[in-house]
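Here it is: the structure, laid out below.
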Amino acid sequence: MRRLSWFNVTSLTLGFAFLYVPMLILIVYSFNESKLVTVWAGFSTKWYGELFRNEAFLDAAGVTLRVAFISATIATVLGTMAAYVMVRGGRFFGRTLFSGMIYAPLVMPEVITGLSLLLLFIAIGLDRGVLTIVLAHTTFAMCYVSVVVSSRLVTFDRSVEEAALDLGCTPFDAFRSVTLPIIAPAVISGWLLAFTLSLDDLVIASFTAGPSATTLPIKIFSSVRLGVSPEINALSTILIAIVATGVITASLVSKRAIARQRQDQRAAVAGA
Amino acid sequence: MTGGAPQVFAPWDDPKAKPLIEFRGVTKRFGDFTAVDAIDLNIYPREFFALLGPSGCGKTTLMRMLAGFETPTEGHILLDGKDLAAVPPNRRAVNMMFQSYALFPHLTVYDNIAFGLKRSDMPKSEIDGRVTEMLKLVQLGPFAKRKPHQISGGQRQRVALARALAKAPKLLLLDEPLAALDKKLRHDTQFELMDIQEKTGTTFVIVTHDQEEAMTVASRIAVMKDGRLLQVSTPPQIYENPNSAYVADFIGDVTIINGTAEPHPDGYAVHWAEGQAPLVVRSPLTLSSGQACHLAIRPEKVDVSKTRPEDDNVVKGEVIDIAYLGNLSTFHVRLPGGQMLKAQKFNTEHSARKEITWGDEIWLSWSDECAVLLDR
Amino acid sequence: MSDMTEDTDRLGALRRWALILVPYLWLLGLFLVPFIIVLKISVSDIALAIPPYAPTLDLSQGWQGLRDFLGKLDFENYIFLTQDDLYWKAYLSSLRIAVVATVLTLLVGFPVAHAMARAPEEWRPTLMMLVILPFWTSFLIRVYAWIGILSGEGYLNQFLMALGVIDSPLTILNTPVAVYIGIVYTYLPFMILPIYATLEKMDDSLIEAAEDLGCTRLQSFWLVTLPLARPGIIAGCFLVFIPTLGEFVIPSLLGGSNTLMVGKVLWDEFFQNRDWPVASAVAVILLLLIILPVVLFQRNQERQGEAGK
């Protein structure tokens, strides 16, 4: 019933144009024939071909995916544990320090996180490579996971857990059979967030990666410093396409889930 | 309702009275949906006018058009004889009390009440006096410095009322003003509203779905359904002489019996069941013989007795259900042929000695003036 | 029977401690300890060695080693930071860029958030998704996209020259303007989402009430919408301001050599000059700069939480 005023329509149009036009330009020019990125010279997919023949990029992509997968998985486990401790753990020695360490990495500038971890790895004599990147990414990603999961834990009805305990579950059983299924969506989005943060990270990876392991962002950064390249455009297009597919699918799935839930509720009401 | 006046307050019966608000053929459509359908209505100064109907009947849309938040698709709304169409909400001498109260959460009670005054051309020096006056009117003086979330629901309701009245509008609109209050508080507040309306002499238009509330506060009630006005009349008129089965059923408790009319001295005889004597009723309607009709009977008009009484209408039935309400009891009685009839009886005797119980055969009776004949 | 309960109790306690200790130790080892190392190196001296700083803690010497170690620490690096005007210029410039960029992001983000909250309800999930989508897309790529747009022969200059607005290309890339554009672009979702969240919760009838009481559209915006959006505006500003202060990618890709920001100075100090002690001191000061806004932000969040109740 409500109509948007022309001012609001303009704000939305300009705002979303600002957000999306740069990405659209990247996508369009990734199909440019010319090596000169800013001059249109006809449609071509040759840069995608070049990209897939570029061993260095492929290696970096492999490392990045491996790092992201491992660190997201460990971070999800640790972050969920940390969230549970924060919300349900009660009092214990050093709780304030614990919650401080959960929140601090969220606001810590990446350069500082990267620098400090690098100094640690050198101090303990750990060779820099995939392992050190994984450790670094896990540490900052687990904090994001724990924030996502604890926000879900805070909102859900505690009495459900208490009912499980009342029906004879041990606290661990109650967590596994009641709490975990309920917070599962938050745990999954935590994993996705950790995965994306790891895929995305340039600064921390630059500090903690050694000559033996280069991630995709490091590779992109060093080539982008020299200017725009059609291969990077093609790579960007692929990454944007993956993310867009993921986000759109996720929103459709959740939309359908909500619709189904509403339908079920309506059916239940009608049946009653 | 303005009982103290020497003359009965009934400007709607006076052809010379000048209405404050005139709706002339007002229609409002949202896409395909007609919310308000060709309404003509006059509301007079100092009235407490109630728009009553179920949700979705168009009463809120009608009110929002008065406030200026919606514009009529067709027709005109006149305030003091002037068309309101071109006047935006912030220029209308009309203020509204919102259902959610819409108190500004970031402002104190005092600043909420002063909000409209600061927007008017009232000199700054007078604003304080006016706000204090309003605070006194709604008895909220000690709470002036509080924020809305620091006072109770009933107090918030009064702040909303004071804020809307502060600018001394010609017309005050109240959108379900008491819906958020609990029952006890609602009753007290109804009388307070009437009191304030009388003190300030402001014309009130209230939107409500609660027929009891409308009956209590209003000088006239408009019963709405599907965007149309079914009946506009005083509460006693609406209750005693509803013009349709819908209105009869919507206002208060009633039994509707379907039948066919047959002219009879002083009115009609309604044939309602095989082998049963017709029910006689007086009516100003003109119906042809054999025309289908409704007979509406209010439960409190029906006498209940164990022995056969003498009256215009007497029927026998079996008690199926008794709803004991303390001061009175409602009997659900099944008549021969299955028709249910509701009857009420005041519990003047002590309940331990109440004589009628489930399954009893009892006699129900009422005079020919007590039922209402309605055409179908 | 009682033995069994005791056993399960002990098992439960064990599990609880494991649950607490695993993430706790992880964070201690990989967050707190590294940070203490940074603090320590920031008071050490640069050395031509591997690692390139001195002294190193030599615990094999026992108590004497620790004493020697502590005796050699000093605040030389911090004094150096105040003497060389590169550093305080970088801090000031970071602060200025962060403040200006935050204000610009607010100016761009607020109308969008406001319009989203006014949009029909069935559009809102889609609009939300459209705001969140860039957030999931690679930060690096989104910054990179602007290089092609802002460069001398870039799309923006081509476009403006084709329109005849300008005759010769504008120099935008490698100036602070490009940094501002980059920050506004990448951090816009962080500004839009909290403001949208507060505006969306707002009861429409408040605006109607304001108009009913005599406000024009503009007045009701100033007197009602804006004050009520304040918690969201504050949250959004912090979410942009805090990470911008230590930003590295945007100034190094879009800012060129003209734009000084601490994040980049620290990076260069570490990777180019290989002066780890000075890099560490830069980091410590940057962190101190960030603590104040973080504490203020937390206060705001807590107050908002209380008001929500």
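Observations, loosely collected:
Residue numbering begins at 1 within each chain, and the chains themselves are lettered A, B and C in the order written.
Basically, contacts are C-beta pairs under 8 Å (C-beta built on N, C-alpha and C of every residue); 3 or more make two chains touch, one makes a residue touch a chain.
As the structure is a computational prediction, the values presented were derived from the model and not from experiment.
Number of steps on the shortest path from chain A to chain B, with steps defined by chain touch: 2. With every chain reduced to the mean of its CA atoms, the largest distance from chain C is reached by B.
Ranked by the number of C-beta pairs in contact, the top chain pair here is A-C. With centres defined as mean CA coordinates, chain B is found 58 Å away from chain A. Chain B and chain C have CA centres that are 59 Å apart. If each chain is reduced to the centroid of its CA atoms, chain A and chain C end up 17 Å from each other. Chain C makes touch with chain A in their complex at residues 8, 12, 15-16, 19-20, 22-24, 26-28, 30-35, 37-38, 41, 51, 108-109, 111-112, 114-116, 118-120, 125-127, 129-134, 136-142, 144-149, 151, 153-155, 158, 185, 188, 192, 242-243, 245-249, 252-253, 263, 266-267, 270, 276, 279-280, 283, 286-287, 290, 294. Residues of chain B that touch chain C in their complex: 67-69, 88-92, 94-96, 98-100, 102, 104-106, 115-116, 119-120, 149, 163-164, 167.
Across the interface of their complex, chain C is touched by residues 2, 4-5, 7-9, 11-12, 15-16, 18-20, 22-23, 25-26, 29, 37-38, 78-79, 81-82, 84-85, 89, 92, 94, 97-98, 101-102, 104-105, 107-112, 115-117, 119-120, 122-123, 135-136, 138-139, 142, 146, 170-172, 196, 199-200, 202-203, 207, 217, 220-221, 224-225, 227-228, 232-233, 236, 239-240, 243-244, 246-248, 251, 255 of chain A. In the complex of the two chains, the chain C residues touching chain B come out as 203, 205-206, 208-216, 219, 223-224, 227-228, 230, 307.
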